[in-house]
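Note that the chains take the letters A, B, C and D in the order they are written out, and that residue 1 is the start of every chain.
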Amino acid sequence: MTLDPLAAYRWMRLTREVDETIRNLWLTGQGVGGTFNQRGHEAIAVGPALCLEPADVVAPMHRDLGAYLVRGMTPERLLAHQLGRETGPSRGRDANIHGCGDLDLNIIGFISHLPQSLPVAVGAAMAFKLRSEPRVAMTWTGDGGSITGLYAESLNLAALDQAPVVIIVENNQYAYSTPIEQHSANPDIAERSEALGVVAVEVDGNDIEAVHKASRKAVNRARNGGGPTVIVAETMRMLGHAIHDGFEYVPDHLLERWEARDPLTIFEQRAGEHGTTIDQLRAIDSDVAAEVKAALVVAQGSPFPDPATVTDGVWAG
Amino acid sequence: MTLDPLAAYRWMRLTREVDETIRNLWLTGQGVGGTFNQRGHEAIAVGPALCLEPADVVAPMHRDLGAYLVRGMTPERLLAHQLGRETGPSRGRDANIHGCGDLDLNIIGFISHLPQSLPVAVGAAMAFKLRSEPRVAMTWTGDGGSITGLYAESLNLAALDQAPVVIIVENNQYAYSTPIEQHSANPDIAERSEALGVVAVEVDGNDIEAVHKASRKAVNRARNGGGPTVIVAETMRMLGHAIHDGFEYVPDHLLERWEARDPLTIFEQRAGEHGTTIDQLRAIDSDVAAEVKAALVVAQGSPFPDPATVTDGVWAG
Amino acid sequence: MAEGTYLDAISAAIIHEMERDERVLVMGEDVAGPFGGAFKVTKPVAERFPSTRVRNMPMTELGFIGAANGMALMGLRPVIELQFADFISSGFDSIVQFASTAHYRWGGAVPWVIRAPSDGNLRSGPFHSQNPEAWFVHTPGLKVVAPSTVADAYGLFQSAVRDDNPVIYFESKPLYRSLKGEVPEGDAPVPLGLAEVARSGRHCTVVTYGAMRHEAMAAAEELAAEGVELEVIDLRTLKPLDMDTVASSVARTSRVLVTHAANQLGGVGAEIAATIADECFTDLDAPVKRLGGLDVPVPFSPPLEDAYRPNAAKIAAACRDLCAW
Amino acid sequence: MAEGTYLDAISAAIIHEMERDERVLVMGEDVAGPFGGAFKVTKPVAERFPSTRVRNMPMTELGFIGAANGMALMGLRPVIELQFADFISSGFDSIVQFASTAHYRWGGAVPWVIRAPSDGNLRSGPFHSQNPEAWFVHTPGLKVVAPSTVADAYGLFQSAVRDDNPVIYFESKPLYRSLKGEVPEGDAPVPLGLAEVARSGRHCTVVTYGAMRHEAMAAAEELAAEGVELEVIDLRTLKPLDMDTVASSVARTSRVLVTHAANQLGGVGAEIAATIADECFTDLDAPVKRLGGLDVPVPFSPPLEDAYRPNAAKIAAACRDLCAW
């Protein structure tokens, strides 16, 4: 799959728009509970997801709004979810972007305990391999997630089985307020990953073309029996960890540097190279804005769950 | 500390003798519960422990009988412990070589959940560093232990703090019945360890001089503020995992190869080089045999704990 | 049907489920052939099925139970062997946070079975004797099973594998080879959530599960000689709990002892006793009594483990006291 | 004494203990200055003490609680902050297997405190609202504390740090900034294991802890207007449990409701209710009732969380029923 530049831009813009819509709601007291910020992570979430077939499976985390959207979770449902409505994918049971799963879309909902999506994605890939299905599992984790024990256990399992899984490490250089040098004695995540027996590559996480290219290669390798790949994508989270976070801890000069490298901006700067025009992008912008606005109206008009259903769904079957 | 060859031999022989005594007891139905085998691990346990000062701390695991002995846990107490007597270090509360700790000897008792001794040793080392004490913590783990998440988490913590800890990985190439290639996608434990930010070296685990030399260097580095070292020592467990284990899974040719490299045998073969004589070694053998025989008599004559004390010691203070 | 042990029944049930349903696979440390597991439960299984369906795992409980979550979501039915129930705490997050909540949160069914060899009386000390079922009964979204007979070991396992939810199946190590009986063949599922009246009696009810069922039966024999008839209820499933069977027994006997080998304080017996005390209040002629393990790690040395643990004599004594109330 | 919040009291207590005893240090994710923790509890602490005593940890709960075990064995007194109590399951082995058993097994004392911000009613969903205290009350060798007032947040913390055992200190997130009062100064330890009679009354006892204390007090106000006087007991410490205070209250009131925000099934309330039902059998004029969270993960959406969770109105209704018995 080659990257369709207008589609790529559209998904990133949609991610940004949904994120900003949520942010505005929460900052004006119209949210429910807390919520996470996505700004800066658009290319990392969208680029890899665009490499997948519908039958492939994703297990995104809290910074991957774009992946949910690409996989077919509509803005309406995502907003309804964050607002605790019956019409969201969790029927009001899970918060913000947690538990935003839907097996009809092959999306696995995540839990807070990081990086729990990782072994789950590896297990999904092991299932594909066992059944000789040409499917791939993809998951995301952070630099903080990459230093957990579960990261090492999961990569080892993936490598032992040569399971068809692609792991995107979103290295935004901070785990909450803690810079990577303070949480990882060896901040070279690719090196740590490779030592566990997987192929690891590094890529500019704000350049959707680069992320997409690396992901495409990894997805192909996985689908062709070549086993797991870790893609370490460098980026910067441009707002606080979550809506309440004052975000004083990232030095201004770092933010300025990365502001200039905003995934949407650098994509737009290359519009000519892609054979697209600024006018086309602006048209997408207004389309997307209208779409999200309409989605919000629907989401806000959706019912809350009936408290009488509170115990529904604990058991399957 | 240079290695005193007669002392080195004596500790290894004592380890072997206690192990065989235990094995004989258990095989003849005089044991209580189960017990682990030590054969093959004598040099790995004794060599590093001989590099320590009394104020240093050890956190050995289930294959390190020799380390307990070197640190001053007497055969009497060790046998009483395994036999569930009041006079053992756990007063009958913990089994076989678990929980065989004594802070007066600076030995931390281990739990089954592997490799839990590892973060505990790292924490002890962090305490030494925080208080600027010239002390070192030493711990042991297996090849199986080295692929756990906790191994990665512990090494990262040690490296971040540059804590004075020495970690001996007893690579006996099997975790219970599972060969290393089946449990570790990358069986190069030193490479995996180094990628986490620590110094890692490899050594022949059946050659006590080699193990001792590498450990001495690591202990010195730690004591002088140089941070953690991992020593990957290759060996082979020459009997089953534990007393009940039929041990069919290790190929004969492997055992034959390692039998020829028995830590006591190869040490004895070099007796001349050490300036010791075979007669001296035989004298140690009979000394040690008598010592352990006497210790067994004492241990077997020791009382079982009074059931009325069963709840004693749950709480400290 | 052939005579066999409790352990044989588990092996047979695994084989039957794997033959019946190709989605079922076994995973765990050292489970593959020819070794066949720390207790050899999967040895006959590994002889029968290819290595892709009986898979050795590295000593990484958190990671491989996490992987089982992914397999289960993709429609497989992993049967996960732990070497000892004690190591269930090493995979805790994958169980109590992910698997237990996925269906409630977003409809993802996680149909696995964790086989956890539990309980003591074998002089195995604090880390090979644990009975951690209370942690999981308290956690919403998990089912918990604890068979105590050869037939139930077989039949409850079948129901556990066929259930669409994560099920923790606590095996009783003390019964593994000591308990013999007819091993069922073919389909013989015992439904989850149904207690068994193991013995009828009119003077006092003993509610129990696992190895303690047999201690309670021995106590009942002892008391029968004294003219006291115990009714013994084996819960079989700890979640969901069959309180109906318990309540209707208490309505007849008016006296009840709840006993298990797990630590008494905050154990499953507390939930059962509290429920009886509430729902059977007017039926009771004596307080609901509990008899469980002491509030200490399971000690190793025989005199200490004996002091720690309930047994037939202690159950008989407690029932005598209850009947004297 | 100055007016402050429940959260201020915790910060002040940490500072006091660190000044008093140089063995005390703080560790956890993002606790260091200038950030000062997810809830800013350690912000004033980090301003006062060097970074060696307020230490950021990587997101590796199992590893760093394991390291705290080693530090504590070597004589330090680590105060470990979890970002949410929900993540306590990620460090489970280091707590329930190592720390809890070391002293019993071989005399190694492990004096740390884990600060666990717990409870909900904040629309934070299944992973930021948990009350996992029952897992730890059931585990031998741990102490468990759950302060519900500004003064207790201060005083129980002091006792927890000075205790020679591992103590889990459950902080109440809903009270963090909503509850204000006089923050004690200097030494004001509140002993572990001593309940407080928060309100005297003669008709019915309510046994509770944490944020539910305040719901029970509100229920008591409501019922007082109807002529029903509730006695409210705040347990403050969940292990060891002060059943004496509870029993002497029940002896007077003959009716009792046990309530907490944690899931009711197999919760700490089951232990308390079962003990009351046993030991106070002849005092009771009505069954011991329990009111806890439903057997579901804590749901996010307001109508669902409200349905999940006990509150003043539900407590009042339950007490009315009890008094009508």
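To be clear about the criterion, a residue touches a chain if its C-beta (ideal position, glycine included) is under 8 Å from a C-beta of that chain, and two chains touch if they have at least 3 such contacts.
Predicted, not measured: the structure shown is a model, and the values here were computed from it.
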Quiz item: Quick one: which chain's Cα centre is the longest way from chain C's?
Solution: A
Quiz item: Once you find the CA centre of chain C and the CA centre of chain D, what distance in Å lies between them?
Solution: 31
Quiz item: Can you give the whole-Å distance between the Cα centres of chain B and chain D?
Solution: 40
Practice problem: Return the distance between the CA-based centres of chain A and chain B, expressed in whole Å. | Solution: 45
Exercise. Could you tell me which residues belong to chain B and also touch two or more other chains?
Key: 90, 93-94, 98-99, 111-113, 147-150, 153, 156, 160, 182-184, 314
Exercise. Hunt down the residues of chain C that sit against at least two other chains at once, touch-wise.
Key: 57-58, 60, 62-63, 86, 89-90, 93, 97, 101, 104-105, 126-127, 140-141, 295-297
Quiz item: Considering only which chains touch which, how would you classify the arrangement: line, ring, star, complete or other?
Solution: complete
Practice problem: Provide the residue numbers of chain A that touch chain B in the complex, in ascending order. | Solution: 147-153, 155-156, 159-160, 182-186, 188, 191-192, 194-198
Practice problem: Sort out for me which residues of chain A touch chain C in the complex. | Solution: 57, 59, 89-90, 93-94, 98-103, 108-109, 111-113, 116, 118-128, 130, 137, 149-150, 153-154, 156-157, 160, 313-317
Self-check item: chain B residues within the chain C interface of the complex
Solution: 32-34, 84-85, 90, 92-96, 98-99, 111-114, 144-145, 147-149, 175-178, 182-184, 248-249, 304-311, 314
Self-check item: Residues on chain D engaged by chain C in the complex (per definition of touch)
Solution: 86, 89-90, 92-93, 96-97, 100-101, 104-105, 126-127, 134-135, 137-141, 263, 265-271, 273-274, 277-279, 281, 284, 286-290, 294-297, 299
Quiz prompt | List of chain C residues in touch with chain B within their complex | solution = 29-30, 34-35, 38, 56-60, 62-63, 84, 86-87, 89-90, 122-128, 294-297, 299-304, 306-308
